[in-house]
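Next come two complexes built around chain A: one with chain B, the other with chain C.
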Partner chain A sequence: MSLAQVLFYMMAFIAVASTLFVAATKNLVRSIFMFFITLFALAGLYVLALADFVAITQIVIYVGGILVLILFAFMLSGKETLNVIGTQSNKFISINKLPAMLLAGLFLIVLLNMIFKIDANNLDWVKKSVITKNMILPDSSMTENIGINLMTKYLLPFEAISVLLMIALIGAAHLSRKGRGA
Partner chain B sequence: MISLTDFLVVSAVLFCVGLYMIVSKQNAIQILIGIELMLNAAILNLVAFGKYDRFNNGGQMFALFAIVLAAATTAVALAIILNVYKQYKTIDPGKIDKLGD
Partner chain C sequence: MNFYITYFIIAIGLFGFSALFALFGVYAERKVSAFIQDRLGPTETGKYGSLQTFADILKMLQKELITPAAADKLLFILAPAIIFIAVYLGFAALPWGPGLVPAKLNLGLYYVFAIISIETLGILMAGWGSNNKYSILGAMRSAAQIISYEIPAGFAIISVVMIAQTLNLQTISSQQGILSTETIKFSGFWDVTSTGGFFAWNIFRAPHLIIAFVIYFIASLAESNRAPFDIPEAESELVAGFHTEYTGLRFALVFLAEYSMMFLVSMVGVILFLGAWNTPLPNIGPVHLATWTTNAGWGILWIIIKTLTLVGIQMWIRWTLPRFRVDQLMALCWKVLTPLAFACMLISGVWRLFLM
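Let's look at the complex of A and B:
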C-alpha cells in the first residue's frame, strides 16, 4: 500500500465521519464547524485526484466564502432558531426520521450497486486515455494548462458564469436590503 | 494508484448523507448544508474523472464552474432565508406555508 493510498483512506474516513457528524448532531453551530472539516478533507481528496488548483479554489471559495456566509446568516437569524433546536428530541433514530433514512439508505444501495457494476477503471475512454498518455501524472503541473484552456476552449462558459455571478450578486443585495417600500 | 471506484464510493456516501439532510432537517440552513454536500459529491466525481483528461481539462474546469455556481446559489439562498426569517420569525420550512402576509 503506497503512501498516497494511506492518505486517501485517511482523508476519505475523515470526510465521511465528519459528514455523518454534521448530519447527526443537534447543535447547529457545531455542525457548521464540522462542515469545515468535511470541506478540508474533500480538498485533500482533490489533491490526491491530482487537481491541486481545484483544491485551492475549494478552500478559498467554500471555506473562506460560503461557510463564513452561512455562519453570518445563522448568527443573524437570531435566538429563536437556537431554541427550536434545543427542543428537538435527542434520540438519533426517531420515527419521523425513518422515511428519510430509508430513502437515503436505499439510494446509497442503488448507487453502490451501480458503481461496482460499471467498474470505472475499465471504461473504454479511461483505458484509451491511459494508452494515449492523456492522463494527469503526479509530476505534471496543471495550473498553466487550466489557465490556457479557460481563455481558449472554455471562454463561453467562463463569460456566462461571470454574468451569472453578477446577477446573483445584484439579486442577493436586492433581497437583503433593509426597509423595502412596496 | 488510487482507483476510480474508491472516489466514486466516497462521493456516493456523501451524496446520500446530503440527501438525508435535505429530507429530514427542520432548519433551512441545515438543508442548505445538505445541498452543499451533494454538490461537493458531484464535484468529487468530476475531479476524479478529470484525471483522465489531461489536454482538455474538462473535469477540473467544470468542477471550478460548479464551485462558483454553488457560491452564487448560496449567497442568494441565504438572502432568501434571512428575508423569510424576518417575515415568519422561523426558518423551519415545514412552518412556512403562506405566500402573502
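Let's look at the complex of A and C:
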C-alpha cells in the first residue's frame, strides 16, 4: 500500500469511528466536540482527493462557524432540557425509532446498490476526461480554477445561492429586531 | 528520508521559538506596563528582573494540576492543548525570508485564517469543561467576539488578496520588494520595481490598504483577546474568564497560546501589509541599500523587527486604553469596521482593474 492509501484508510477510519461515537454517545457536548474530529478527518479526505480549497473551506465554515453556533445554541439552553436525552430508554429497537430505522435501512440499500453496480475503475466519464486532458493534477492550481469556473460556467447557481443567502440574512435581521411597540 | 528529519527540526524549532517568545513577551509586557504606569516592574530576579518569567514558569511547572470535581475531565484536559495547537499550526505556513518557509502552501493565507478559527472551539471547550459560571461566560463572550471580528479581518485580508492575486504567503511577500517578478507601482503611478524599500510595501502600493491594515490590526487585537477587547477575561467581572479553573502547566499552555497568537497575528499583518521580509531601505541611485539587505538572513531580521514592533504596539494599546463594553464592542465591529472593510474591498477591485 502506498502512503496515500494508508492515509486514506486512516482518515476514513477516524471519520467513521468518530461519527459512530457522535451518534451513540449520550453526552451531547462530547458528541459535538467529536463531530469536530469527524469534520477534520473529512477535510483530510478532501486533501487526498486534491480538493485542498474545499478542505480548508470545510474547516472555516463548519468548524469555525457552524460547530461554534451549534455549541452556542447548546450552551444557551438549560441543563434540564438537555438531560432528557440521558434519560431516554436504552433499548436498541423500539417503536419510537421506527421512522429513523426505516430511513437508515432504505438509505443503506441505496448505498449498497450503488457500490455493487458501479465499476469505479472504468467509469466512462473518467476515461473521457483522461483522454481529453480535462483533469486536475497534484501540482495544478485549484483556486484559480474554482474562481474561473464560478464566474463562467456556474454563474447562475452561484448567483442563486448568493440571493438565497441574502434572503436568509435579511430574514435573520428582521426576526432579531425588536418590534416597534416592545 | 532526510527531509522528514528537517520537518521535525523545523517543527521543534517553531515550538521553541514560540515558547521563547512567550517567555520574553511576558517580561516585556510587565516592563512596558510598569513604564506606562510609572512603576518599576520586576527588578529582583536576575539583572533588571530579566529572569522573572523564567522563575515564574519553573514555579508553574511544579504546581499541582487541579481538575475540578464537577468538570468534564476529558474536555477540561484537552482544551488547553487544542487552544495552543490551533495557534501553533498557524506558524507552519508563515514565510520567514526569501526561500525560507516551513510549508509552501499555495493556499497559505486561507489556511492560516482557517486554523486560527479553531482556537474558538478550544476556548468553548475550556469554558464548558470547567463547569464554572465565570468560565462559561468568558468562553461565550470570547467566541462571540472572535466570530464577529473575523468578518472585518477577513474582508481586510481579501482586499490585500485582490491586489496580490494569490493566497500563497511567500508570493505575497516577494511581490513587495525588489525580488518581485511583476511591476510594482508606488500609489499606482511611480514604478518602484527596482527601487524596492518601503515604497513597494502593500500599504504604499495601494494607499487604501492603510485603512485595511488598521481594520486588520484592530480585529487582530480582538481575535487574540487583548485589551481593549479583553472582556472574555475581564478580571473585574469574570475572575479570569475561560481559564479560571486552570492551574500549573495547563494554565501555562493557555498563556503560551495567547502570546503565540499575538505574534502570529502580528506576523500575518506584517506579511500582508508591511512588506513581509522585505527591507524598508530603498535603492537610491548608486547606493543599492535594498539589494544589499535582501537575503535570507536579513529577511529573518526584518520580519522579526517588524513583528515585534506590532507586538509592542499591542502592548502599548493594552496598557493605555480602557476596556470596551460589550455593546460598544459589537457596534464598533458591525457598524464601523465591517462597512469600512467592504469599502476597502471595493476600492481594491477598482484599483486592480484600473491602476495596476
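Please note the rule applied: the second predicted complex is superposed on the first by the 151 of 182 C-alpha atoms of A that agree within 3 Å, B and C clash if a C-alpha of one lies under 4 Å from a C-alpha of the other, contacts with A are read in each partner's own complex, and residues count from 1 in each chain.
The criterion applied here is as follows: contacts are C-beta pairs under 8 Å (C-beta built on N, C-alpha and C of every residue); 3 or more make two chains touch, one makes a residue touch a chain.
What you see is a predicted model, and the numbers here were worked out from it, not measured in a lab.
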Side-by-side fit of chain B and chain C on chain A, or clash: fit
Partner chain(s) touched by A:Gly65 [first = chain B, second = chain C, both, neither]: both
Touched partner set for A:Ser141, first chain B, second chain C, both or neither: second
Which partner, chain B or chain C, touches more chain A residues: B
Which superposed partner A:Asp124 touches (first chain B, second chain C, both, neither): neither
Contacts of A:Ile56 with chain B and chain C, given as first, second, both or neither: second
Touched partner set for A:Val29, first chain B, second chain C, both or neither: second
Partner chain in contact with A:Met75 - chain B first, chain C second, else both or neither: second
Minimal inter-chain CA distance - chain C and chain B, angstrom: 14
Chain B and chain C contact sites that coincide on chain A, given as residue numbers: 53, 57, 65, 72, 142
Residues on chain B engaged by chain A in the complex (per definition of touch): 1-10, 12-17, 19-21, 23-24, 26-27, 29-30, 32-34, 36-37, 40, 43-44, 47-57, 59-61, 63-65, 67-76, 78-83, 85, 89-92
Touching residues on chain A, where the partner in the complex is chain B: 2, 4-5, 8, 12, 15-16, 19-20, 22-23, 28, 31-32, 35, 38-39, 42, 45-46, 48-51, 53-54, 57-58, 61-62, 65-66, 69-70, 72-74, 76-78, 80-81, 84-85, 88, 96-97, 99-101, 103-105, 107-108, 111-112, 115-116, 119-121, 125-126, 129-130, 133-136, 140, 142, 145-146, 149-150, 153-154, 157, 161, 164-165, 168-169, 171-173, 175-176
Partner chain A, residues of chain C touching it in the complex: 72, 74-75, 105-107, 110-111, 113-115, 117-118, 120-121, 124-125, 128, 136, 140, 143-144, 147, 150, 167
Contact footprint of chain C on chain A as seen in their complex: 27, 29-30, 33, 36, 52-53, 56-57, 59-60, 63-65, 67-68, 71-72, 75, 141-143
